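There are two complexes below, and they share subunit A, which is joined by subunit B in the first and by subunit C in the second.
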Partner chain A sequence: MDSQNIMFIVLAVVITLSSVLTVVTRSIMRAATYLFFTLLGTAGLYFLMGYTFLGAVQVMVYAGGIIVLYVFAILLTRGTKDSLSENTKSKIILSAVLSLVGFGLAAYLIFIQQFKAEVLAAPNESVLTMQQIGTNMLSTDQGGYLLPFEAVSVLLLACIVAGLMIARKR
Partner chain B sequence: MFDFSVISQWLHNLLLSIVPEWAAILIESVLVALVIITLYAVFAIVLIYMERKICGFFQCRLGPNRVGKWGLLQVFADVFKMLQKEIIKMRQTDRFLHDLAPFFVVTASMLTFACLPWNKGAHMIDFNIGIFFILAVSSVGVVGILLAGWGSNSKYPLIGAMRSGAQIISYELSIGLTMLTMICLTGTMQISEIVEQQAAEGWNIFRGHVPALIAFVIYLIAGNAECNRGPFDLPEAESELTAGYHTEYSGMHFGYFYLAEYLNLFIAAGIASTIFLGGWAPLHIAGLDGFNGVMDAIPGIVWFLGKTFFVVFLFMWERWTLPRLRIDNILSLEWKYLMPISMANLVLMALVVAFKLYL
Partner chain C sequence: MIQIEYFLIVAAVMMFAGIFGFLTRRSTLAILLSIELMLNATDINFAVFNRLMYPAGHEGYFFSLFSIAISAAESAIAIAIMINIYRQMKDISIDKLQKLKW
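Moving on to the complex of A and B:
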């Protein structure tokens, strides 16, 4: 039992508890907050494995972007009626079946997977340097990510233009 | 130059000889956390006193002068008053989120605070993506502000939080671009390496000359906006919103927002002094060996604090000189002026680095 395993257990408990709370809470704002804890816990796992870049991206994109966007959307769209809709019988049955199927699938995958726990025993920050990530992102060689990178930027540009079209003054 | 890692290494070996490794790391983490919290409180007190005095002098007043000599004990009196105050409970609010919000703000600010380079070898958090980590964790504070606005269930905090969110997200772009400009020059994101490079080759603001100077000015403007301070203090504009997103907070919960505001100012200044003015690196002038020797004799922490408080003074100068802007003016200043300028500046810096025009 070394410090890394203790940290892993702490993070795993945080992630599991806040994931459960995200789906069972009735207030949409609390759900967003618990989701935020889940995402931060995931970032903590990345830091634990030494992937600091991925961890920082997780915090930046999900905390600085997605959650703020959610909270903004909640603030702008709804007033005091922020609780969820009532549960009907068919809704409960359908969601129970869906969650059982999802649980079974995830459990099956976990049990057939051969985990290589010993590979990640020693966290090392220099598994992947910033320079390597940057070069791969903009290279056209084997394993280069230039095309997806540019495709995503075109997509984002389209989103911005569409947003301007919707929000412009007529 | 004195290397602080000698002391931390000695402590680590001492602990290893007594307890197993995981316990040693745990004890060290607790010690570092205590140091961070203590420094956080001490700097908040210093900064609040400094702000009140400087504000007074800018407005041709004396500032606090009754409690203690030159009003030195005024801030302590304020702190004790705030500690004793009741934390009020309001009806029809989400208590949990309302009480959680200040902790988000203060945690984000403490995490960035831990990244500052205090001395050679005295870094608390030193990742290979240091600057990016600072940008990432500082965005957690926005969630706290938005939750504070929503959790208060009142109009003023809600408007203040919306303004603050829009403003911080916008100005983060300028901050990110100016930092990218400087990373382009240094070629590394690790904070300790950035400072050591400047100790060897001169401060970045001299090495990068024109683009670095433009980036520094943009950083000074955007940094003030990031901290929600005047002339960009619209989220808490007292004449229109009473106190913005922390209107409904009392006692130490208000105190956390207040602490985080001042410490964010210190952190913004500390980052400016790290990436532009060389962190703990002493001032060297090529050729003057005697002068350089004298400068080397001054400890690194004095250099770091001196530069940081100089930048804090610049921020305060800006705050107390300019009148408050309107919210649409603030957003158009960022999106129509600062961001295009910093993008052009990034290209300029890339050209300077590509043609090796830096000093």
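Moving on to the complex of A and C:
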């Protein structure tokens, strides 16, 4: 068994356990911590596929930015006493059955689908090099992403202004 | 041997864990955490389908990059709204947020 397969199994176990624990744990602070581990595991999956820049963006934006924002919001709003037990038992069971049936259906569809049977190879960065990413991001040719790039920058500006407007003290 | 399809199973586990949390949580911040789980699962799917079906292309790759940027913006705004609601009502549980109903 090669090292990338062992790495995938470790990451899959970490992601599965912590994403389930994110939604069933009592304390919302612990839920945020488990979500942090899920996001780091996702970055590991990107690295394993050879998409190193995407993994780095995942670590920086999600794990470094969004989780810190959530932790601050949890501490500011005293929302630490969220619990599953306030729900009626029938609602929890119904939601669990719905999720399990949906997961079973998705897994079945993935397995009967005849994808190209590609075995996970050792990750290498030449799948999509840094130079290609930069060129595509700032080009207007076919396969260029200049317009979405600029639209996202305007969106982030609007987001800053709106965040200040909504959350300011009156 | 591990095949690349197995990434999709991991993403499906994450997606349906997020759906379960979305349906059962009472605090709005916990619901937002579940939404982040679901968004993350879709990002994995974009990257995996790009790697699996079109290894020479890069459409799914850029789609997940932009999706990450947009979900960061979304959660920042949502948290600003939550903090504002908390200032006005001292509670962010969805049982108490009924001013906009009817």
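Rule of thumb we're sticking to: the second predicted complex is superposed on the first by the 143 of 170 C-alpha atoms of A that agree within 3 Å, B and C clash if a C-alpha of one lies under 4 Å from a C-alpha of the other, contacts with A are read in each partner's own complex, and residues count from 1 in each chain.
As a convention for this text, a contact is a pair of C-beta atoms (placed from the backbone, for glycine too) under 8 Å apart; a residue touches a chain by one contact, two chains touch by 3 or more.
It should be emphasised that the depicted structure is a prediction, and the values quoted were computed from it without experimental measurement.
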{"item": "Clash or fit, subunit B versus subunit C on superposed subunit A", "value": "fit"}
{"item": "Contacts of A:75 with subunit B and subunit C, given as first, second, both or neither", "value": "first"}
{"item": "Partner contacting more residues of subunit A (subunit B vs subunit C)", "value": "C"}
{"item": "Contacts of A:46 with subunit B and subunit C, given as first, second, both or neither", "value": "second"}
{"item": "Partner chain(s) touched by A:36 [first = subunit B, second = subunit C, both, neither]", "value": "first"}
{"item": "Subunit B versus subunit C as contact partner of A:57, first or second or both or neither", "value": "both"}
{"item": "Which superposed partner A:129 touches (first subunit B, second subunit C, both, neither)", "value": "first"}
{"item": "Distance in angstrom between the closest Cα atoms of subunit C and subunit B, superposition on A", "value": "14"}
{"item": "Subunit B and subunit C contact sites that coincide on subunit A, given as residue numbers", "value": "57, 65, 74, 76"}
{"item": "Subunit A - residues contacting subunit C, complex", "value": "4-5, 8-9, 11-12, 15-16, 19-20, 22-24, 28, 31-32, 35, 38-39, 42, 45-46, 49-51, 54, 57-58, 61-62, 65-66, 69-70, 73-74, 76-79, 82-84, 86-87, 91-92, 95-96, 98-100, 102-103, 106-107, 110-111, 113, 115-120, 127-128, 132-133, 136-137, 143, 145, 148, 152, 155-156, 159, 162-163, 166-167"}
{"item": "For the subunit A and subunit B complex, residues of the former touching the latter", "value": "1-3, 6, 27, 29-30, 33, 36, 40, 52-53, 56-57, 59-60, 63-65, 67-68, 71-72, 74-76, 125-126, 129-130"}
{"item": "Subunit A-touching residues of subunit C, taken from the complex the two chains share", "value": "1-10, 12-21, 23-30, 32-34, 36-37, 40, 43-44, 47-48, 51-53, 55, 58, 61-62, 64-66, 68-73, 75-77, 79-84, 86, 92-93, 95"}
{"item": "In the complex with subunit A, residue positions of subunit B that touch it", "value": "21-22, 25-26, 94, 96-97, 100, 127-129, 132-133, 135-137, 139-140, 142-143, 146-147, 149-151, 158, 161-162, 165, 169, 172, 188-189"}
